[in-house]
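Below are two complexes that have chain A in common, paired first with chain B and then with chain C.
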Partner chain A sequence: MYLWKAWQDSRTRVVVYILAALCVGGLSGLQVVSYANYHLQQMATPPRWLARLSWNFYMLITFEALGAWVIPYAKVAALLAGLSLGASGVGGEYGAGTMPFVLTRPAPRRNLLFTDWAIGLTAIVIVVGSLAFCVFPFLCYARAQGPGNVLIALPGLWVWAAAIYGLASFTTLVAGSASKGLVLSAAVVLTYGFLPDALHSWWHVEALLKARDWTLQIFNGGWDVFFNGASVQFHWGAIAFWLAVAAGFLGASVAWIQYREL
Partner chain B sequence: MNDLAIHTGGLQKFFEKTHAVDGLDLNVPRGAVYAFLGRNGAGKTTTIKTLLGLVRPTGGSAQVLGYDIGRDLIAILERTGFVPENKTLFDSLTPAQMVRFNQGYFPKWSRERVACYADLFEIPMDTRFARLSLGNKTKVCHLLALCQGADLLILDEPTAGLDPVMTDLLLRVLVEDHVSEGKTVFLSSHQITEVERIADWVGIIEKGRILLETRLEEIRKNYRLVRAAAGSPPAVSSPDLVAAQRMDNFWSYLVSRGAEEFAAMLSAKGITILEISPVSLGEVFLGLTRKEVPCISGKPGKIPVPA
Partner chain C sequence: MFFWNCWLRNRYRLVAYLAAACGLVLLGTLPVTLKSVHGHQVYWHPRTVGDAIGAWDLGVNRTLVVLVLVMLFFAADLGSRGLGESAARKECDFLLTRPRTRRNFVWSAWLAALTQLCVLELAPITIAIVTLFAQTSGIYSGHLWPLSLEIFVVSVLVFSGAYALTLATGSSQSGFELAFSLLIIYTLGLALFPPYFTFYDLEWVLRESSYLDVVPWHLGNQPVHYGVLLMMAAATAALTFLAQFGFEKKDL
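Up next, the complex of A and B:
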């Protein structure tokens, strides 16, 4: 039923995203291994503290560097996947003029959204995951220690993408058109990214900047390990925040589709 | 079981300043073909949308197949086939895929009917919906509605884009395959001559209110047009007078019954009766809903208020 229709609409896009993610992930993996090798070769006389460390630790540094390379790509992939899949969901039926047909099928309206979200979030998990998981061959090649450290960023990326998906899905429902929803949600993302910086620069408002940076901890890469010897953090608070944002958009979308008239 | 497929009592739907439906009382008997007629903007589509839960009523009540539209919408939708006014379905899917999408919603879905009607209506089942002509899009909408085993079919402009042959075929299918099984057809259309062929009940709506709700047989049997010659507006009063219209020195009176008595009353006032003739549904519709505009001669065609 609508699950099948939603998959029909999304499948081509999802396959293309997965292929793109695999390519980008593979290339970034290659890049990082080259980068690590270059560092090792440059260090003809490594510092004494570094020389005492094992080969595996070098590899750990490599993995963290890998995280630093992959995460920016994954961030973009999550953003694009979230925006485009969210805007192509059930809200797009308004603009296409098919909503009277969809809403006169005998099914609770909220089920339409749950179905849509199930497909959308599954696609996001696969797309974003494939970008990160495709570095595994490189980890295995290096016989690495602690490959999970790289993957620790994944839950954060997933919930962030889910929140973006929710935003795009909600704005599309409200605007009644996929293109308008996409533009609106992109505007919200940009505002979220730049407004705190602007307010800080113009009026020295720090609260928003701090709040935004706290929520974006999920993107903190592994460079802390390289420079400070810090352990990799799992940012529960920020993950819970983005999860709550996604759930909030789902709730708002359900309320909207339930009460909006045609 | 309720004898009415659709019943509304004082149904209202207001959009800010517009009273799209304004105290509508509708009684659609089960097993009937009910023609729901009205001018553009009379409130037909809003009424249909209200019955199907696409808009919420501002006031009044409505039951479809005995179910309340506010509480039992899913039960109504399971038993109601709907062909929307705009005939828009999923552009990316073929009719065959749309059948696959649709059949899961309806327990009484008939695959045999899909095969039968796809063949009968000559629907290209493997062409994407976006590439179909308006006529074929209309046919696909009908295919989906006809095959779901609905007890009630709500058809908004059902013949839009159909050629005369296909229109004839569709009307026959509606009567022979559905009404004959005791199912109800509620159709909203501007094609009065087509509607007249199959309807047995008619409801005429204007400004959100029912002006006339009666059997078509009643119109054929009792409604008459009394044409009279009179220079000045005659003061006439009759509960059977439905509408009157002036064309220069001639008057046309639409009466719902007792045309002979009505003509005799006019004659008694010195008015010359020219003819008493049966009326078509189109004439009744025009008589009830005709807009007050200057006649071609430039003189206003005023309808006198019955004294």
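Up next, the complex of A and C:
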């Protein structure tokens, strides 16, 4: 029953995000095609640097699509969907003033969180996936080499979005308000991106920067692989890290809701 | 009275942002005269005016980076408060029974936020100036004031946009979400479509917020485009009047 209610509460937001992802994915696909056309014209009279290198041009299209367009857009889509859906799950109950009613129902409190998480994560998988899958027809049209390189980025994006969803859900639960949870989690994300750079640049502290870059290698886009000619690889360590972060937030949320006063 | 209500409601938020901004500015300005000697970082006092100006430029750039981040985020956050929070808390029914026009409420909340933005802008700048003066024994603020003005104008624009969006949607969460999304899309647009955004030199500040000191800083040689600032001020006024118009027509 609560599953149906939670879906009813979040469906407008989910549909808007899916439509936005489809539009942005389509635009990325158009960029891929225009990029391919531009380079096909260049290939007619290849510049010296291109003639000297022996890489496959269609690999270039695929990796360009992945690194330059799909990942930055999908990263933003994952970030926004994770923040928004994470804050609006339990946050919707706080906003409507129905949280005390929901918590006094004869069902384990953790079920409330598991249901919200199930709906939120499904929506995130669809939103981020629809952005990436939208590019496939254009990649085929541009005769890029297989969609595998785009697909390989998806698990990383999904677990990253799940971790952000967990962060937003937890901060909302602790703050007792969707908007406060949203602001707190957005501040954490910005600090995570900014502070290691700042400390490295200003105080020459490298440890934080290295740690952050290791966790964010899921967004590398395969450039190193492309330039070194190595096989495409999965960043298992980073994916496991973000999965652990998401699971940690879920555990912390369950512990919080189990022991909190009404 | 409503002006003070809005001020007091956001005071802890302002204190938190002030602490973050001042802490980051200190982090950025303290090491401008650090020098590596035999593998150790030591402070040195600039002996020539050129050295002092170099230290100031470094400190001013870092202060501006911090200001951009904190001011834009605070503006989006603040825009979703004020009347937006009153709507979220279902307080509007009570609020509107008071013998004041709706226009009065809209502008009171807007002015309260504007004064808080001023405080958040000036306090870190003061700390930066004091810190840099203590290290160099001189004041060479360079492009600090014109660019601070630009950041302030952009922040007020972002705040007014979030304010209008929050009043339109009737939810502080939706208002903040929309404003934050627009900010991210704008920043992403700078990275992906630079030719479309080069009309405005604040782009360098936004870029620097991503790359910090890795890329060279060219702001000192660029003029401030006061025409663009005026356009932004006009857009700010238009958004606030739009918010006022929407609130006056809203069925509450």
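By definition in this document, the second predicted complex is superposed on the first by the 220 of 262 C-alpha atoms of A that agree within 3 Å, B and C clash if a C-alpha of one lies under 4 Å from a C-alpha of the other, contacts with A are read in each partner's own complex, and residues count from 1 in each chain.
The definition used in the following text is that a contact is a pair of C-beta atoms (placed from the backbone, for glycine too) under 8 Å apart; a residue touches a chain by one contact, two chains touch by 3 or more.
Predicted, not measured: the structure shown is a model, and the values here were computed from it.
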{"item": "When chain B and chain C are modelled together on chain A, clash or fit", "value": "fit"}
{"item": "Touched partner set for A:S179, first chain B, second chain C, both or neither", "value": "second"}
{"item": "Which of chain B and chain C A:M1 touches, first, second, both or neither", "value": "first"}
{"item": "First, second, both or neither for A:E261, with chain B first and chain C second", "value": "first"}
{"item": "Broader residue contact with chain A after superposition on the shared chain, chain B or chain C", "value": "C"}
{"item": "Partner chain in contact with A:S201 - chain B first, chain C second, else both or neither", "value": "second"}
{"item": "Touched partner set for A:R11, first chain B, second chain C, both or neither", "value": "neither"}
{"item": "Arrangement angle, chain B at one end, chain C at the other, chain A at the vertex (C-alpha, nearest 10°)", "value": "80"}
{"item": "First (chain B), second (chain C), both or neither touched by A:A187", "value": "second"}
{"item": "First (chain B), second (chain C), both or neither touched by A:F101", "value": "first"}
{"item": "Distance of closest approach, chain C and chain B, by C-alpha atoms in Å", "value": "10"}
{"item": "Where chain A meets both chain C and chain B, residue numbers", "value": "none"}
{"item": "Touching residues (chain side chain C, partner chain A) in the complex", "value": "24, 27-28, 31, 41, 62, 69, 73, 77, 80, 85, 88, 171-173, 176-177, 180-181, 184-185, 188, 191-192, 209, 211-214"}
{"item": "Partner chain B, residues of chain A touching it in the complex", "value": "1-2, 4-5, 8-9, 96-98, 100-101, 103-108, 261-262"}
{"item": "Chain B to chain A touching residues, read off their complex", "value": "49, 52-56, 74-75, 77-78, 80, 82, 84, 86, 88-93, 97, 100-102, 104-106"}
{"item": "Chain A - residues contacting chain C, complex", "value": "68-69, 72-73, 76, 79-80, 83-84, 87-88, 91, 95, 178-179, 182-183, 186-187, 190, 194, 197-199, 201-204"}
